[in-house]
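In the two assemblies presented below, subunit A is common to both, partnered first by subunit B and then by subunit C.
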Partner chain A sequence: MQLFNCPWCGPRAHIEFTYIRDHQSVSTRGNGDDPDVQQELDRIYLRSNHLGPHQEIWQHSAGCRGWLRITRNNLTHEVEDCLPCQHGDAP
Partner chain B sequence: MSQKFRNLTGGNISRESPLDFRFNGTLYQGYQGDTLASALLANGVRLVGRSFKYHRPRGVFSAGPEEPSALVQLGSGPLAEPNTRATQVELSANLEAFSQNCWPGVNLDLLSINNVFSAVLPAGFYYKTFMAPRRLWPWYEKMIRKAAGMGTAPDQADPDHYLCSYAHCDVLVVGAGPSGLMSALAAARTGASVMLVDENPAAGGWLQRERLSMDGMPGANWAESIWQELTDLPNVTVRARATAFGYYDHNMVAILERVPGGNDKDLPSQRLWRVRAKRVVLATGAIERPLIFANNDRPGVMLAGAARAYANQYAVRAGSRAVVATNNNSGYLTAVDLADSGIAVAAVMDSRSSVDHTLLGMMEERGIPVDIGHTVHDTRGGKTLGAVRSGATDVIGGSQWMDCDLLAVSGGWSPAVHLHAQTGARPVYSTEIEAFIPGPSKQAEQTIGAARGNYDLEGCLNEGLRAGRQAARLAGFDTPDEDSLSLPETNGETLPYGQEAFWQAPRPGKRSKQFVDIQDDVTTLDIELAHREGYVSVEHLKRYTTLGMGTDQGKTSNINGMALLARLRQEPIPHVGTTTFRPPYTPITLGALAGGETGASVKPRRYTPMHAQHQALDAVFAPLGLWMRPQGYPRRGETMHQCVQREARAVRSAVGLTDVSTLGKISLRGPDAGEFLNRIYVNQFSSLPTGRARYGLMLREDGMILDDGTVTRLSEDAYFMTCTSGNASGVLQHLEYHLEVAWPELEVDLCEVTEQWAAVALAGPLSRGVLQRLCPEGTVDAVRLPAMGAVDTTVAGIPARIIRISFSGELAFEIYVPSSRGGELWDALLVTRDNTEVTPYGMDALEVLRIEKGFIGMGTEADGRTTAEDLGLGRMLSKKKWFVGQLALQRPGLNHANRLKLVGLTPVSPGDELPEGAQVLAQAVATGPGCSIGHVSSAAHSVVLGTAIALALVKGGSLRSGDTVYLADPARGANETIAARVTYPCFYDPEGARQHD
Partner chain C sequence: MRPYSALRLLGNAFSGHKNWPRAWRDPEPAKQYDVVIVGGGGHGLATAYYLAKNHGIKNVAVLEKGYIGGGNTGRNTTIIRSDYYQEENSRFYEFSLKLWEGLSEDLNFNIMVSQRGSLQLAHDEGQWSSLSRLANRMRVNGIDAQMISRDELSRLVPILDCSDEARFPVLGAMRQGRGGTARHDAVAWGYARAADRLGVDIIQNCEVQAMEIVNNRVVALNTSRGRIGAGTVGMAVAGHSSHVAAMAGLTLPIETHMLQAMVSEPLKPVLDTVVMAGALHAYVSQTDKGEIVMGSDLEFYPSYAQRGNLPRIEQIAQETLALFPSFSRLRLMRTWGGVNDMTMDGAPVIGHTPVDGLFINGGWCYGGFKATPGSGWAFAETLANQRPAELIAPYSLERFFTGHTIDESGHGPIPQAQ
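Then we have the complex of A and B:
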């Protein structure tokens, strides 16, 4: 069982965390600026699935409920980075 | 009862505590301190089971976790535990054990016919033979499973209970042999918190099995004294009978502890520990390898170290007349200990070409002949060993038969690198000891002692001391003065290891069975065949021959198998490599992994603040997610159907009361709360006036409906949201995500308040009258509290929020009060001052009322595949603003004419029921797969129509209004379809006059 280093709580077992989504799929658009349907659908459905470090959004759901941007190597499962996901962290 | 093979003195057993036990129904006696294996051997029981594939007789082969053949079933009925290693089962009073893999019995096994036909059962036999014809495979499979059995799983629930615990420590030491004990002691002296575990009931490891003196006492006693010292230290936890079976990420080691509880029902039978350690010291010892020669599997053939363990630890003679075959010096110690325990040692066969003269001297002293450059070629005997044939290592066909009933074999020792390798580290091959030793560590771990290939006692003690200090230092504990701990004085016979690889004796006959893997019946012929057929990778060899795939995971066979493959490939062993080491080290009970999380304890249960009131009314409860919620309140003599109809009718004609405390409730505050809601819901919220509520629909990013609910505006920047009970946590996460990750610029705070509020719905034409008498004058009249109005007031003196919203289609009020006063509210509403009868109603009546009105249900109509348009809610989609899921709705597929859309259904014959989940067909008879045009999503028996009604998702939707469709429900055994008419999906008061009155 891996430990994730929650920036607010410190190292915690990964069962306290919930995977939410791929960081590539995050949209920070909050209104109707220049809506391009195809771009939107690509964001939702067509993400690249490359080998190696991968940015993911997780929530410390059974802890502080904070939101994290985790860099996880999908080849080794190693979590290389665990940062708060807040202002300006969008792709 | 005689223990013919037990010596009168010696051993670490309690002769004053005899224990009766049964094996295959026969009563025997052993002693406290025995294993089942040692007790069987003490009673002269040599035939323990039959082998997996050929059903050959098998006996005790080892004295530890590596046991490949003495597998027994313990107990019977629901307590039965199959595939248990007799060598690790502690003898206990009235223990019952049974042989496996034999039918009808171990002495007469009819399935041993497989042995006679073994020529047609080579590796890969099942794959090749039973390929065709395919239709016979089920029959083949049944027969193969019967013949190639590995015990029988119990078919009843396990009555034992198990516990899971977490623990943390600075230093975890696995193995309490000399290295581990020294290591734990050294680490403990620094003040670090230390955990020491060992799979055996007593500490000492091989010290239990040797005849060494340490600090002037027997090795086992020294081990016991250190164990005791550690037990007494406040910073140390020791656990005996605890097997570290898995090494996981970030230094988490899983340990299974067997709890000797006797008849104490409060104790778990096993405890699973998940230990997170800063540093781990692995002192897991080494496992002896057998030698490979023909018929090396007969009961009586045993690892040399095991024969020695039975003699020294258990005072049991594993035979009367022994031959020792070895490729290293430890075999001579076995010969000495066997001779000293009263076994006639007929000869030592040493495959090496030269031997140290001190060894020869030891043998000469005891009159034991030594054959240098010789080994065992073959054995004979019936159900046990009768004689061995020996000869030169390089000549086919040994020359000499020698009578014996015990053959002690040693093919060298393999470090137990299992846990080390589970970390992802790669063991490396040492040509010095011809075995895999630990490679560079992948975690905060160090492997020491025999597990590192160090087979010298003093060396092990030294290494343990240093490793313990180092582990503590790396965990942040400074080492105290170096002299505070000294090594014990040891004396006794110790010899250098001196092994010389000898992998396979000459095969006497073309088809002679030289077993490599005794548990899986894999022979040298199988490995040669696999190699010939191209299975030259060790991973392929494993799967093709099943080498090492048994419950012992090849602890005694893998290295030998790899060595043979390397020779066939004409490559060095490291080029062949090892197979992957995976947890668990030894088999573990699934119940232990589940721990206490079984039955009703799998998930927590949630009860509403009015639970006691429902119980007092004899409610029938049903789960709703984690909640327990009343399904209905049946009266005496009433069926559930009658009850639900009565409750629903009461709401339509008078007034009913239902508990809606399970609704998800979220409080939102902040200047941007209105904007936030505008983005989250498909409809407009910033325009909602204070003191008003609105029904809202939220979508996922892909445009599908996520949830519905209401939002009430409490003030300029405060809103109160409710969502579907079952969706509450998902909706909260959806909101948190958008607020924290997507739009952190919005100034909104949200807080889940589901458990802070108790809530009821009071519904029906008489509801206002009932409520009015409990509220301040005029609070709930039609003008001051119109439909979708909200007010904070008091009800029966309790501070309350009333929202005039209806999910039944009747005039209705949702009343929210602090959780602690929920019961009080319920009582006040139910017992009215003017004797109006208020009928409590449950989830089923609620469902009838919902379906009559055609309101969508989450999970039924909104099933994650439907859009607002599909469910007739397209008009809610705001065109003036952007919202989550808006763009995705433009996908052509979501606007296709053939999409499933919401319709109503009524039966053509008024008496017919409309089955929920039934497929909708356009014709009366199903014409084959794919002819379905939809399905029934919700169904009920309407109290206003007196017939069945249903909501359905059907291709074309309202275009089919008036059509007759046919409902097929073959999965529930209905042979004929039911005719139904497509209607508008609202069966009652479609204008909504009643709820807006």
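Then we have the complex of A and C:
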């Protein structure tokens, strides 16, 4: 079991949370009015999927329902950071 | 090496089965091969076999970082079927199922294909309609499918709770009579032995760590057993596709997710078909040894850990018990996990890459065991001709950028939802 320290609710088991998507696929979002099509396709479909720490968007779906930016190692399941989403982060 | 036969079995019985020769050689890697396959799972080994058998390309090596079949090939719940809706998938998986039907004879290795039928349960009207639609589509494509009522179902699977009081009431099911199971380890061993007999080098404990690329062409692989030159390279590394492809500077439409499965202690035969409940994502069958095999849903977060967490095991046990209350006294014997290469549309990625001489076979999600023979067949054809075989041409990497995704479940680019 992974333990996520929700900034609003405190430490909770990961089954209370829902993984939404890789942070990179949100943070690289282009300009809404004049998007670069190739860049947007890359953002939507490609993932670095490297071994090690990733920034991910999760939702505390069975808790406060807040959006979170979690830095988590996908090999060891260690959680480095659990922060509220900032403006522009939200999925 | 001599073929296996009943006579040889009898002969070896007299010496207590102590004198069987090894099934495939254990060669030192050569300096250079025409084709190098990365990954000794079912897909890599099948590719090597069909390269040698169908195309006469025998200067081939399969490099496996651990032992062959130690990845998802030896970790899956062994279900084979061809009940797909999308035309590209239907055609491909039916081709693969037809190969399964003759595979033991072809490989001279008993891979224990058992066409015991596979059932997809419907728990409500919506599921019944969508399974009927699937069955109709399959029959239009010439594939066997049948909708069966609750009464028929309870006769077919007496231990399934089809009562009104069931936790998840069952309306009926879609049955593919030619679906079933195959012995997963034997698939790896059978292909390995057959490929080895045709001259393929199977090299275990050989991890590919880097790729040498000159003028956008792959020329060699740097491995834990030294540098190995290659005319053509085929990657078939399942959940490890992204970081192996990254050695060539590629980024893939793949996210690696964990899937768990488990088996109970063995018991007398009680379940002679495969039962899948799509709504619960529980799928259950009984092995020839008597164990009940239970497969679960993804962990729903990216992971390379190759081991899952207890909540999913608890969930799958609960769901299985809801379907089969008589299993309540069974003890669990083993649980394990595998790393799945989940794509953005749920369909695999096979074909060429932007790097010359480098080809990919991956993105099988959690359903690629049944694909093993078809994938090996078509990937071998692709490597031999240096262009995508017709059967797998729709599974190109480019499809994501040209609007030609093949989205069986209709979820869009959410890998964990496929």
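The criterion applied here is as follows: the second predicted complex is superposed on the first by the 81 of 91 C-alpha atoms of A that agree within 3 Å, B and C clash if a C-alpha of one lies under 4 Å from a C-alpha of the other, contacts with A are read in each partner's own complex, and residues count from 1 in each chain.
In the analysis below, a contact is a pair of C-beta atoms (placed from the backbone, for glycine too) under 8 Å apart; a residue touches a chain by one contact, two chains touch by 3 or more.
Computed from a predicted model, the values in this text were never measured in an experiment.
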- prompt: Of the partners subunit B and subunit C, which touch A:T28 in the superposed model: first, second, both, neither?
  reply: first
Query: What is the contact status of A:A62 with respect to subunit B (first) and subunit C (second): first, second, both, or neither?
result: neither
Query: Which partner does A:Y19 contact after superposing on A: first (subunit B), second (subunit C), both, neither?
result: second
Message: Under the stated touch criterion, which partner chain does A:N74 make contact with: subunit B (first), subunit C (second), both, or neither?
response: second
- prompt: Which partner does A:H54 reach: the first (subunit B), the second (subunit C), both, or neither?
  reply: second
- request: Determine, under the contact definition given at the top, whether A:L46 touches first (subunit B), second (subunit C), both, or neither.
  value: second
Task: Could you say whether A:Q2 touches subunit B, subunit C, both of them, or neither, answering first, second, both or neither?
output: both
Touching partner for A:Q86 - first (subunit B), second (subunit C), both, neither: first
- request: Indicate the residue numbers of subunit A shared between its subunit B interface and its subunit C interface, in ascending order.
  value: 1-2, 18, 41, 44-45, 77
Query: For the complex, which residues does subunit B have touching subunit A?
result: 248-250, 252, 274, 276, 679, 701-702, 733, 736-737, 740-746, 881-882, 886-888, 890-891
- request: Would you tell me which residues of subunit A are touching subunit B in their complex?
  value: 1-3, 11, 18, 20, 26-28, 30-32, 35, 37, 40-41, 44-45, 57, 59, 61, 65-67, 77, 85-87, 89-90
- line: Counting only contacts in the complex, subunit A reaches subunit C at residues 1-2, 13-15, 18-19, 21-22, 38, 41-42, 44-51, 54, 56, 58, 72, 74-77
- prompt: Considering the complex alone, what residue numbers of subunit C touch subunit A?
  reply: 242-243, 246, 251-256, 300-305, 309-311, 344, 400-401, 413-416
